[in-house]
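Heads up, the thing below is written out as structure tokens.
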Amino acid sequence: MENKIYLDNAATTKTRPEVVEAMLPYFTEKFGNPSSIYEFASQNRKAVDEAREIIAKSLGADISEIYFTAGGTESDNWALKETFDAYASKGNHIITSKIEHHAILHTCEYLEKHGCEVTYVDVDENGVIKLDQLKKAIRPTTILISVMFANNEIGTIQPIKEIGEIAKQHNILFHTDAVQAYGQLPIDVNELGIDMLSASAHKLHGPKGIGFLYIRKGAKLHSLIHGGAQERQRRAGTENVPGIVGFGKAVEIAMATMEDRKKKEIYLRDKLMKRVLAEIPYVRVNGDRSRRLPNNVNFSFQFIEGESLLIMLDMNNICASSGSACTSGSLDPSHVLLAIGLPHEIAHGSLRLTLSEENTEEEIDYTVDKIKEIVDKLRQMSPLYEDFIKKRS
Amino acid sequence: MYTEKVMDHFTHPRNMGEIENASGVGTVGNAKCGDIMRMYLDIDDNGVIRDCKFKTFGCGAAVATSSMATELVKGKSVQEALSVTNKAVMEALDGLPPVKVHCSLLAEEAIHAALWDYAEKHNIKIEGLSKPKNDISEEEEKPEY
Amino acid sequence: MENKIYLDNAATTKTRPEVVEAMLPYFTEKFGNPSSIYEFASQNRKAVDEAREIIAKSLGADISEIYFTAGGTESDNWALKETFDAYASKGNHIITSKIEHHAILHTCEYLEKHGCEVTYVDVDENGVIKLDQLKKAIRPTTILISVMFANNEIGTIQPIKEIGEIAKQHNILFHTDAVQAYGQLPIDVNELGIDMLSASAHKLHGPKGIGFLYIRKGAKLHSLIHGGAQERQRRAGTENVPGIVGFGKAVEIAMATMEDRKKKEIYLRDKLMKRVLAEIPYVRVNGDRSRRLPNNVNFSFQFIEGESLLIMLDMNNICASSGSACTSGSLDPSHVLLAIGLPHEIAHGSLRLTLSEENTEEEIDYTVDKIKEIVDKLRQMSPLYEDFIKKRS
Amino acid sequence: MYTEKVMDHFTHPRNMGEIENASGVGTVGNAKCGDIMRMYLDIDDNGVIRDCKFKTFGCGAAVATSSMATELVKGKSVQEALSVTNKAVMEALDGLPPVKVHCSLLAEEAIHAALWDYAEKHNIKIEGLSKPKNDISEEEEKPEY
């Protein structure tokens, strides 16, 4: 293939040309500060409000419940830190899962240093949170349950509605990191009992550096970022107008195309899984087979290491990702793969492919062919495979 | 991220494979950390390394350092091979990213482990060589499907 | 005038077309996540590094000392909150000035609720910080001095070098909010003894939603935003690559054109001041006449209120700003104007005009003519003016 | 931010000016808060407001509410004028932004203050009218250049 095959849409996505188009006027023409009172700036205020409305509608939320941030990470930090601060008189206990994104887990670590107690609930071998364990973890001092909507590595979708119900029964706030799910799955915050929700535009073909936190009316969190009176005094800083407009446009398109995209992606995803499982031995699929993001595939290939696989795929113009330690700069492989019970060396051999509607069947076929070739090549190189074969014969 | 030399040795590894009835074999590293290197040495009666092959489970740097290490020890005497350091391997590869330096250390250790095996098998003592620490046999976890 | 005359460049600036041009490829073509290991993403890592280098060079800093954020507000929050956190064992006292931006002042208020002690040093009638008061405020527990480089309302430039020396003598960290100064004035962090510096791209014709915090090597601050390992583990969140690239480009141009812009702006600014002072009675210039940002003019017109003035200027296609309470949604007029000793009703009658190199002499003349007309009209309407005239006669 | 009506009354204020020897003059508000309204009433012997003028120091909403208030009381009896509420002023202007509601209260108070002044001067008591609280004379600070 001459052209790059991009299969890393969980890392980031291409900004849609329509989104860039929508943003452009707000750089050089309608560049005013939305807080200014002159007419020239009021069009920007309006543009921000329109984007907010599109987003609120997409969640069944009210416009006054959407707060723009600089991305999913800030939203996650905000939800956790300011719940901890605002509800200190009620308690200091937060419940989350073992497979959250680092934006949640590292924030929890930070909070633990500041007097917060955190329970990290286990997941089963498919990455689904253990609800009985979650229920048992609830204490009188529990102020927040934060469980991601869908996992960024293995694509498993969590039982959000059930968690929402548990939270409501115990009068505990429920936050969900929906950075991977938002735009891929329909979400209604009222139906699902979600009190706070984080999202990031660049995961759904919007621009980087813009996200939002949905905060249900009544939740008392204060600002994480202090300063001017923007975002109804809850998030200071001159509004990123082009970013917000682009986010609105991306959401508008994502909602309108959701069903078609889903169908197409599931078709390609399933084909990819089936072919790999049929044609390559010693491989497993990570994550739940059915409760799964439409665009996510995650394999573990035994006897080989993920970074080598990625580099060789890259040389064949295929962009993918791995839970291998080598790709993250840390020594341990992905905490998610370990949490679903994979031994280290199998976690090291993982490969994540995340699709978009732009991928073609031809690309998928080519990718499978290449994976086959490369896995074989790397296994020929692998002392683990050598031992395995020798033992077997 | 990697130099051209690293990429070259990763994509076209030199001396990849096994040596049947090798004079010495050493395996170092640990699947848990994501790197295992195995070195095969064929050493003639004069103590010269006639051939050297490797197998590696690991990242691009791990493969490239293994490959380069085999090149560096081939044709050398046992004593010369012993003084092939991880620095020499790195330099020959035009450098490694900081997080990958441990791969070059592993390559050095793999050679030492193979030499140790050779020494044990032949009941000789090699000056300056001590028992390698990172052996695959120390690994706890086993693949389980 | 048919075209809008934009005189509110302290609020935000037009993004330069060259900057947008530089950003564009990073939306739809080079959209990869800089943390990914494939070649396709490494070009983005490189682009981010190049922007960082441009910025580091502009300050005489090292590239490892520049951390990208979502804007000036986040940078200010980071500097204050994480200094407070990291240096808790040394002390809990911060010194700042009474005329800081709300990004500093509201962060200080937040910190005060969390055990921080803050001294707000006075400024003189020109808005220059009282250095003797600052020196006297220093305690053994002082961990930070934060004084803005130049004020956003009245344009006064602070004696940064002197403050840097005082801080160094007492082994106290020195942070400066340079959001208004950066790109307008030459800044060398080493010469000036600055340990931390906040900046925001949209104030210098870069995009909104991107800023940086300079942190001198050795300052121990941790992350404000926790999560992934971006920005050398100090600022999590997928990098806003187009924003960073745009910021770099904007800085490159700002540094190259600084001298010429300055000359032009000072010429127009001084003409504007002179004409208004000569042609309109009962007016004063706020801020220091010489230690002043090249593009800033700030007047107080007696007997009239700022918002009315702004709306009427707006109807004449002139975009400006005021320290009037009415424009901010609060009841009090600008804390800056009060801090320099203006009585409330005079603070209410303030008008800020902030120029860019794009303004023309014609625009300035037209603006003065309109200000004259409008001030006169509003005075005719003013009961304060009526009383004043009656008393005089 | 403002409705068209507000903008219209701000840019073309009705009844702006003074009335010489007015039957009643009232000034409310406070330069400190940025709003001062002065109402002049010309009331005939039957207690009908023949004319009404205003001067206002304040924001767009302050000017517009003053202007609208003069319109609403003109031609009315003193008692009728007394029942012109801030709500009526706001409605007549098609609404005000929430942060500007106090301007309409000020307009109501200004009318009351002028009526109070009229009552005092003419030594009559107007049913339901109490001494206005917000008088400019209470202001502490004075302009100083």
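For reference, chains read A, B, C and D in written order, and residue numbers begin at 1 within each chain.
We adopt the following convention: a residue touches a chain if its C-beta (ideal position, glycine included) is under 8 Å from a C-beta of that chain, and two chains touch if they have at least 3 such contacts.
All figures in this text were calculated on a predicted structure; none of them were measured in a lab.
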Quiz item: What whole-number Å value describes the gap between the mean CA coordinates of chain C and chain D?
Solution: 40
Exercise. Averaging only over C-alpha atoms, locate the centres of chain B and chain D and give their separation in whole Å.
Key: 92
Practice problem: For chain A and chain C, let me know how many angstrom lie between their CA-based centres, rounded off. | Solution: 35
Quiz item: Multi-chain contacts in chain A: which residues touch at least two other chains?
Solution: 37, 307, 311, 329
Practice problem: Send over the residues of chain B in touch with two or more other chains. | Solution: none
Quiz item: Line, ring, star, complete or other: which describes how these chains touch one another?
Solution: line
Exercise. Write out all the pairs of touching chains, ordered by chain label.
Key: A-B, A-C, C-D
Practice problem: Would you tell me which residues of chain A are touching chain B in their complex? | Solution: 282, 284, 302-305, 307-308, 311-312, 315, 324-326, 329, 331, 333, 343-346, 348, 380-386, 388
Quiz prompt | chain D to chain C touching residues, read off their complex | solution = 2, 7, 10-11, 13, 16, 18, 27, 31-38, 55-63, 99-100, 136, 141-145
Exercise. Flag every residue of chain C that touches chain A in the complex, lowest number first.
Key: 4, 6, 8, 11-17, 19-20, 24, 27-28, 31-33, 35-41, 69-74, 76-77, 101-104, 106-107, 109-110, 200, 202, 207-210, 223, 225-229, 236-243, 307, 310-311, 313-314, 319-321, 327-330
